[in-house]
Structures are given as C-alpha cells and as structure tokens.
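Here the chain labels run A, B, C and D in written order, and each chain numbers its own residues starting at 1.
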Amino acid sequence: MTTEKGSASAADEPMVVDDFVALTYHDRLPPETVRFADGLIAGRIIGQRCPQCRRVYVGGKGFCAMCVVVMGPESEIDVADVGVVTGYTIITPVRYYGQTKTEPFVYASVLLDGASSVLGGQEITGIAIDAVREGLRVRAVWKPPEARNYEGHSTRGWGSLAGGIVGFEWTGEPDVPREQYKEFAV
Amino acid sequence: MPADDIAIVGWGQTPSVASTDLTEPQLCLAAVNDALAMANIDRHAIGFTCSGSCDYLSGGPFVFISNLEAAGAWPPISESHVEMDGAWALYEAWVRIQHGDIDFALVYGSGKSSPSDPALLFPQQLDPYYLEPLGLDPASLMGMQARALLDSGTATERDFAAVAARSRRAGAANPKAQTLPNGAGESDLDIDALLAAPYVRAPLRAHDLAPAADGAAAVVLATPAKARELTDHPVFIRGIDHRLEPHQPGVRDLADSPSTRLAAQKAGLGANGGGVGVAELYATSSAQELILRAALGLGPDVSVNPSGGALCSDPVMATGLVRIIEAAQRVADGTTRRAVAHAVNGQVLQHNLVCVLEGER
Amino acid sequence: MSARPVAVIGVGQTHHKKARADVSMIGLVREAAERALADAGCDWADIDAVVLGKAPDAFEGVMQPELFLADALGGAGKPMLRVHTAGSVGGSTFIYGSHLVNAGIHERVLTVAWEKQSEGNAQWGLAGGRSGGIGAGGAFAPFIRKYIRDTDAPEYIGWMVAVKDRQNALKNPYAHLKIADISIEKVKESEMLWDPLRFLESCPSSDGACAMVVGSEAAAAAAPNPPAWVLGTAVRTELSTFPGRDATRPQAGVDCAHALYDSVGITNPREQIDVAELYVPFSWYEPMWLEGHDIAGPGEGWRMVDDGATEIEGSFPVNPSGGVLSSNPIGASGMLRMAEAALQVRGLAGEHQVEGAHVSLGQAYGGNAQYFSMAIFGSTQDAVR
Amino acid sequence: MTEQHDDRHVVTTTLEFPYRRSLGPVIGGFARALAEERIVGVRTQAGDVLVPPTEHDPRTGESVRDGFVDVGPAGEVQSWTWVSEPTERHPIRRPFAFALIRLDGADTALVHAVDAEAIEVMRTGLRVVPMWRAERTGRITDIECFVPAGLEG
C-alpha cells in the first residue's frame, strides 16, 4: 500500500520524500440509487416528488432536503429526457494524477421538463463548444440499450446519468426565454 | 467552570450494523428526526447545529456537506462541523449555547465503516513520518497498550475476557447494538471459552476489540428553562471537558489515561467516580475499559457500559455521542441519578472527553 | 449568562509559498503559532486550549492530521478541537476559539489554520480522487457568469480586482504571489481557465498557516501589543444546491451579514466599516460579496470596483493584504481574513495598513458558496459608531 | 439492512495519490542519518532524548535543542503485540510483533516491527537490534525491522 522512493538529498537542501497512498472503498448503493440506475438501463429517468412541497428531484436521495421528509418508492415518477441549459462553463482541465480529461469541455446544468432540480456537470453535444448558451433546448443522448450499465453511480451527490445517457444535444428548437427557467439558473 | 447546566432533551440513534445500504445522510436524517421528535420541537427552533464526521472514513471530501441535508439547512442555519466524533460536536454546541442567545442546539455524528477495512485505513490517521509508513493499525496499537497494562500487574487476560463477556451480554439486550456472532448465547460467553479463542493481536482476541459499524446519532440540547418546559425529567450536563495527550505512543504511558483523569477533574466528576451509578465508556478494547475505569476512579458498584459499550457497537464518529445518549437514557429513566459518559478521539486514548450527567437536583 | 468581551491579542502567519519544502507540517503550523504567541507575549504554557482548522484531509493525505499536530502546538494536557467547514473553515475555527473565551470557559485560546498544498494536489482532493475534477473555479464560474449577466458588469471589472489585489500583495511581506509588473493587459491575456475566469483572476495554491491568540479582557490587558476587540461573529450555512437557490447572492451570506451587523449595531456597513478582508479566490467574488453582504446595492458592487472605492486608498478598502488571490493556503485562507482584519484595527498591518481603520470586517466562505463565517473587529470595544 | 446484494450494487473506488512529504530540519536530520545506518534523537530543553525526534517537546510544545544525539542501534522492548495475520500495509508478510522499542540512550520509545519468528520469543525487556534495508530512502522503513539481539545473523 505504501511505498517510498524518495532520494536522500544534500544535507543543506530540504528533504522531501514520496508517500504513495492507496485506499480502497466498497460502497453499497442505496435503494433509491439502485432504482434510478435500473430506470436508466430501461430508458427511464426517475424523479422523486416530495409529498410536502411537490418539488421533483431527479436522482432522488430518498428524502427532500428542503422539507427534510422521506421520499420512498411511492414518490417516484418519470421525468422527460428533454430540458433546458440553465447555466454552464467551459472547463480547461487541470492536470493531476488520475485526471484523464485533456481537452476543454462544456460543464452545463440541465433542467429537465417536469423537474425542479437541475442536473449539474452535463456535456452538451451537437453544437460548437462556443455556441453553447443558457436557454438552449436539449435532449438526452441515450446509449444503445445493450451498452447501458451502472456507470457513475455513487453514494454521494444527486447521482449520475452516465449509465444510460452520454450527454445532451441541441434539439434545434428556439431558445427558451430566460423567464421560464430563471428560478433554476445555474 | 462558570458554565450553565445545559440539558439534553432529545436523542436518536440508528441501530449499529456491520453494513447498511443507506447513505450517511439517510442515517443522519433518521437519527436527527428521532431526536427532534423526542424533544418535541420543530427543527426551526434550533439556534445552532453542529455535526461530527470524517472524510477519510467515508471515502470522499466534504462528507459533512451532504450530511447537512439531514439538518434541514433551509432557510440558512447557524452551523459548524468538527472532523471528529459527534461527542466533540456536542461540546462545540454546548459552548455555543452558553452565550445565552439561543434556546436549542442540534448535534449529530455519523460514520460508515463498512466501505473500507479499518486495518488498512486507520494507519492514515497516524503521523506520516514515523507511524503511517509502518501500516500500524488500531488493533496493533491496542495490543501494545493491553500488553503494557498486563505488564503493570494490574490486570490479566482473564480480566479482559470478563469485560468482553459482560459487554456482550449487555449488548445482546440492546436493540441498537450490533448483532455479533456468538453475541447472545450464554454458553459462548463462558470466560474459559473466550480465553480459548485465538489471539488477533496478542494479548487481545477478537472479542476484546470493538467491531466497527455503520450508524448515526443525534442529540438536542436545551437551556435549563426550556428543558423544564419540555420535560419533567431533564438530564443536565453538570460538567464536560476534554483533554489531549501526545500523539507518539512511545512518549506516553499506555497503561494509564492521564488525560481522562484530567478531563474528569475539570468536568467536576469528583474523587472515586464521583458517585455515579452508571458509566458509558468509549473503550475500543477490553483493556481500555480497565484503564478508563482506573482513571475515572470507578468502583465495582458502578454499572459500566450497560448498553454493551463500543465492544458491541462502534459506529465510528458517532460512538462517543452514543455513549452520552446511553448515559442520559439511564438518568432519564431513573436507573441512576448521576452518570458519566466518555468519548475518545484518535488511537489508544489519545484524546478523551468526559461528560457528567445528572437529573434534577 | 451573557457573553463576555473577547480580543485578538496575537496574530502570526507563515511566509506563504507554492511549496514550503523547508518545513514539515509540524514546522509550518509552529511557525505561525510561534509568531502569534510572540505577538501576544505568551508562552505555550499560557494557552488553555488549541483549535485547529483545515480544509479536506485529502489535500495532504493524513486523516485528522490535528491528532499528530496538536502536541506540536503545545496541546498536551489541553482541549483540542478540529473544525472543518470547507473554505470558510479558517473563519469558523477562529470564531469557535473566540466563543471559548466569550462563554467564559478559557482565558487564552490558540487557533491555528493551515494547508500544505504542496504535499498533495488540491484538484485531486476536491475531485475526491476521481478524474474529471473541475476545481473550485469550475464550480464557481457558472455563478460568475450569472452575476455578470444579471448586473451587466463589464468584463474588465474582474481584471481590475485581480490587479488591485496583486498590487496590494507587493506591500505584504507574507504574501505568496508577488507580480511586480501586474497589469490589466497581463490579466486579460492570461489563459482562460473556466470561462469567464482567466488564470490571473484565480487564486494560487499555497503552503501556509495562520494563528491567532484570542483572550479575555484580562488577557488583553496583560498583552504587550494593542488588542483587536471581537465585536461580533456570525456563521450561516445553507444547502449546496436546491431548487430556487440564488447562488450569486446566497441567502446564507445575506443572513450571516445581517446577523453580524445587527449584533454590533451596524446599520450602514459601507459607512461604518473602515476596511474589509473578504474571501475572494476568484476576482469576481469581490463585487459579488459587496452585494451579497449588502455593503453595496444590487449592481453597485462592480461600480465600487470601477470607481476605485475598494483600493487601499479608496473609501472602502477591500483586501489590502492582497487577499486569497495572492495567497491561498486553503484551510488558512479564512483565518488570514480574520487575522488581517484584526491587524488593521490594531494598527499593525505595516505597509498595507489602511489609515484610520477602527472597524474592520473579516469574512470567509466555502463549499458551493454555502458556508459563511464573518466577524467585526474594533480598535476599542465601542468602535462602531 | 444487512441482506446480500448483487455485485452491481457495490461501487469500488481506489483513492490513489503520490504525496510528497517535506520533512523539515529535525525529521529530515533523522532521515539523513538513516541513510548512514545511524539512528539519532534530539534533546528537549529538560534534557530528555526524544526518539523518534520531533521539532518540539510533545509534552510542552517547547522547541527542542539544536543538534542530534546518536542512540542505539540496539534497544529494549517496552511493550509489544503479536500480529498473527499481517495486512498488506505491514512491513513484514509473516507473523511478527509490533513493539515499542526504547533505544539505548533514548528516553522515549520508537514503534517498529520485530521479526521474532515466533510469539514465544517475544517478551517485554527483550534486546533487539535493527536490520537495515540495502537501499535506503530516508523513511522509517529504511529499518526493515528489528530482530532479537544475537539472532541478527
């Protein structure tokens, strides 16, 4: 687990040694995530509707963090796979150990029709990187059914679409007026 | 200490299990909601919230940010977090409520040990120069500590087994404690049978070591006035203090816990156990319980770890808070008028917290 | 019981650098702590409790590193507490330390916050060791885009802040970045990292530590140097994301500021506060916090920058120390805001001293711009007028 | 909550990173001495010899005195435990002891592995000597382990 290969330096130079750390974690996915993941494989995007405030969360965590009430399977509904870009940035990847991204990429927030929570960190395709903008109407690009899997899921955050959806592409429709999504911007 | 006697008016804890598929925020939510329900207050009445958790235990940065979702952080709340057991979150909240401008504070602690192997993870908690490169694991440190206690002539391996047997019997009766192999059967708790088990880290055997668990715990603190409004049986924190020892095990006397003794003195426990009827001690080995008993001056008449203690239930980062809850429970239900709870942070009793609890005078 | 007065009686910080290869983590925190003790006229034995803060443990790869650092800070036999509230941690660590004195529990508390980023990689740590990490800049860039869109701010505002803070840093002997020829042109031509944020509009990665000794009135009276009175503190937190959240003006920041102003009798922060140290890791956060803490009205924050009000000689100086844009040992960055704000009202800020500073504001934020810790310092206990 | 799940429901993540430790003057001095098969300590203001050395007296926080003190290389086991099943992070892959070892001339104990072949060999008070790794890099593991004195072969 721990190996070191630092070299002894001259006595007046600061001494720096390497310390390689590798820790392995096996996380069991919670029931909500398992249902969401199975939904993606079946071509569905499952949301959870809070019984109290009626907000719809995509990739529900089993509770509404605003009302702090539990949301079980009975709260689950299907959400559309089309929506609007509510915010974005273009990331120039910073190099670090384990980073595989090398080219600038779009990092967008997408609000699906019928949902109250935005999906952060989505890639936008089918349009030049510098033409991406807030208000863009987009639809999910699904993986072929046989290629869908459990990719990207974890026990943290809102979840991931990566098991069923590779990103979003411009639908070709006109932009959505800001007033319609302003409350959910970024 | 000029502090007011803050009261504990609500608590909740999830059952300790070897592994759960619920997320840490879900565990926190269950514990927090139970604590609020018991206190019978709305979460918006909370004036300060403090939580305890550990990124490395949970395997990602900022675990406390997702755990925050259990606290109901909307509208915004006055809040803090310690990268420590929830018992220290309780201490920070206890300091905050002393200011006199809030009525209630919410505390929670949580951790999931199941995703990783504690023997491989916890070397990371040691200094990176001299100890971590050796892969020194908690059980090995506890083994050296137990040997030091044996060498001091104050305990035997049979004493260790007796602690384990008593704890497991108590734990079997505690629905929140972990279900352990050979936990419930009396026949398995025969001390000679326990002594026949193989060593894991000699002189310690499997039953001498706390089994890491998943779980969360929560507590609601209240000013004395609010506590008396809410309940006829408030449990007051008469004193609370925590003290640290040096990190390197080689500069300490591992067979003793001077920082526990000092914390107890500062918390006003008093000599010879200070007349407590119950003590809930966060001992991760049977030998540690004996060291802590001696440091606190607990006599044979004190009921130690009636919950089964950490030897039956160690939801790391919540365990210390669970000790406070278990002690408070026994004051509230009249088992004892005065109890002491202990929590630990770091390896082999490096940093100890002592909390003295009492009912109405 | 009511809270009793508390003062900052000692401040210390390290020289911040990209890599302090000359010191261990132990040496780094001791360097700041020894300076704070010297300022306070104290020895290790005079300290009753130690409070440590830093950002995620993954940055240095040690789980709960305070366990091995506490005795290096004279913690043996004392209480120690480790705070972690994301980027705001340096601020909240100081605030908890001040509460220990406020609440009458201790006379003198040593608070220390630090980060040794050269031991690891912050981007890796922030990404939880996974690929595709976007860094803090990637997380905040969409918020900045929204601010610019909402307020019609010209793009050079970000460049102006970047230049001002780097010029201020030239007056601060401890600052990490010293860019003598910093200019609008230079910022404008630096690489675009997270649209619209350019390289020179972003904070560096630093090794560094900050320490503060807080004490009671009696401790302040015994100290050799003038105190900074901690007139008020406030912390607020909100969820990282939720439907309807305004990330450019987080409600937690608004609530935190107002709780703070109310507690010390500030009704017009722009007039009553003489100098502010705000957590500005990306240039645009200066106007965003001026508005987000109601120092400026909506859309007025960038105009304050444009008018030069936030320059060291301006009517509302912000970050005379050079700020987070010039030194960013992440866990310490929030405490540095508190320490620099305290130095200003003590009159001990040296070359970057703001003339006639009697009331100062220290602020830190963290997480997804959701954690806030703020404090008001005064040269006297009744400095707010 | 403890029922069996299908493997798809378990996500395995390995957090892996090469950290760089700057050692500073005291730990760095200890590390340099290791390269020369020497073990050094430092003296506290009170005069105690700290091994392993730190920049400060862990009991008081005071800085230690300048300069290093040679100790050992032999020492005495102060306490120990027997590891019957080593983990992948341990320095020895067969059953061994972890021990607190007070090196000759030191006032504090160092933790290290003792390759004692059998638990019966171990006892408090046992004299042990270091076994040096051929290639030394300034880490505590430059000492491969300690062995009972007389068995260093």
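Keep in mind that, in the parts below, a contact is a pair of C-beta atoms (placed from the backbone, for glycine too) under 8 Å apart; a residue touches a chain by one contact, two chains touch by 3 or more.
Owing to the predicted nature of the structure, the values given are computational and were not obtained by experimental measurement.
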In terms of mean CA position, the chain most removed from chain A is D
Check: interface with higher C-beta contact count, C-D vs A-D, is A-D
Between the Cα centroids of chain C and chain D the separation in whole angstrom comes to 38
Chain-centre distance (mean CA atoms) for chain A and chain D, in whole Å, is 44
Rounded to the nearest Å, the gap separating the Cα centres of chain B and chain D is 29
CA centroids of chain A and chain B: separation to the nearest Å works out as 36
Among all residues of chain C, those touching at least two other chains are 21-22, 24, 58, 60-61, 71, 75-77, 121, 124, 128-130, 239, 242
Among chain D residues, those touching two or more other chains are 5, 9, 13-17, 19-24, 27-28, 54, 58-59, 88-89, 139, 141
Two or more other chains are touched by the chain A residues 1-2, 4, 14, 16, 19, 21, 23-29, 65-66, 97-98, 155-156
Counting only contacts in the complex, chain A reaches chain B at residues 1-2, 4, 19, 21, 23-31, 61-63, 65-66, 68, 70, 155-157
Residue set of chain A touching chain D in the complex reads 1-2, 4-8, 11, 14-29, 34, 97-98, 150, 153-155
Listed in rising order, the residues of chain A that touch chain C in the complex are 14, 16, 19, 21, 55, 65-66, 87-94, 96-101, 107, 109, 116-118, 120-121, 134, 156, 158, 183-186
Per the touch rule, the chain D residues reaching chain A in their complex are 5, 8-24, 27-28, 31-32, 35, 88-89, 136-139, 141
In the complex, the residues of chain D that touch chain B are 1-2, 5, 9, 13, 15, 19, 21, 23, 27, 50-52, 54, 58-59, 78-85, 87-91, 98-100, 102, 108-113, 119, 124, 139-141
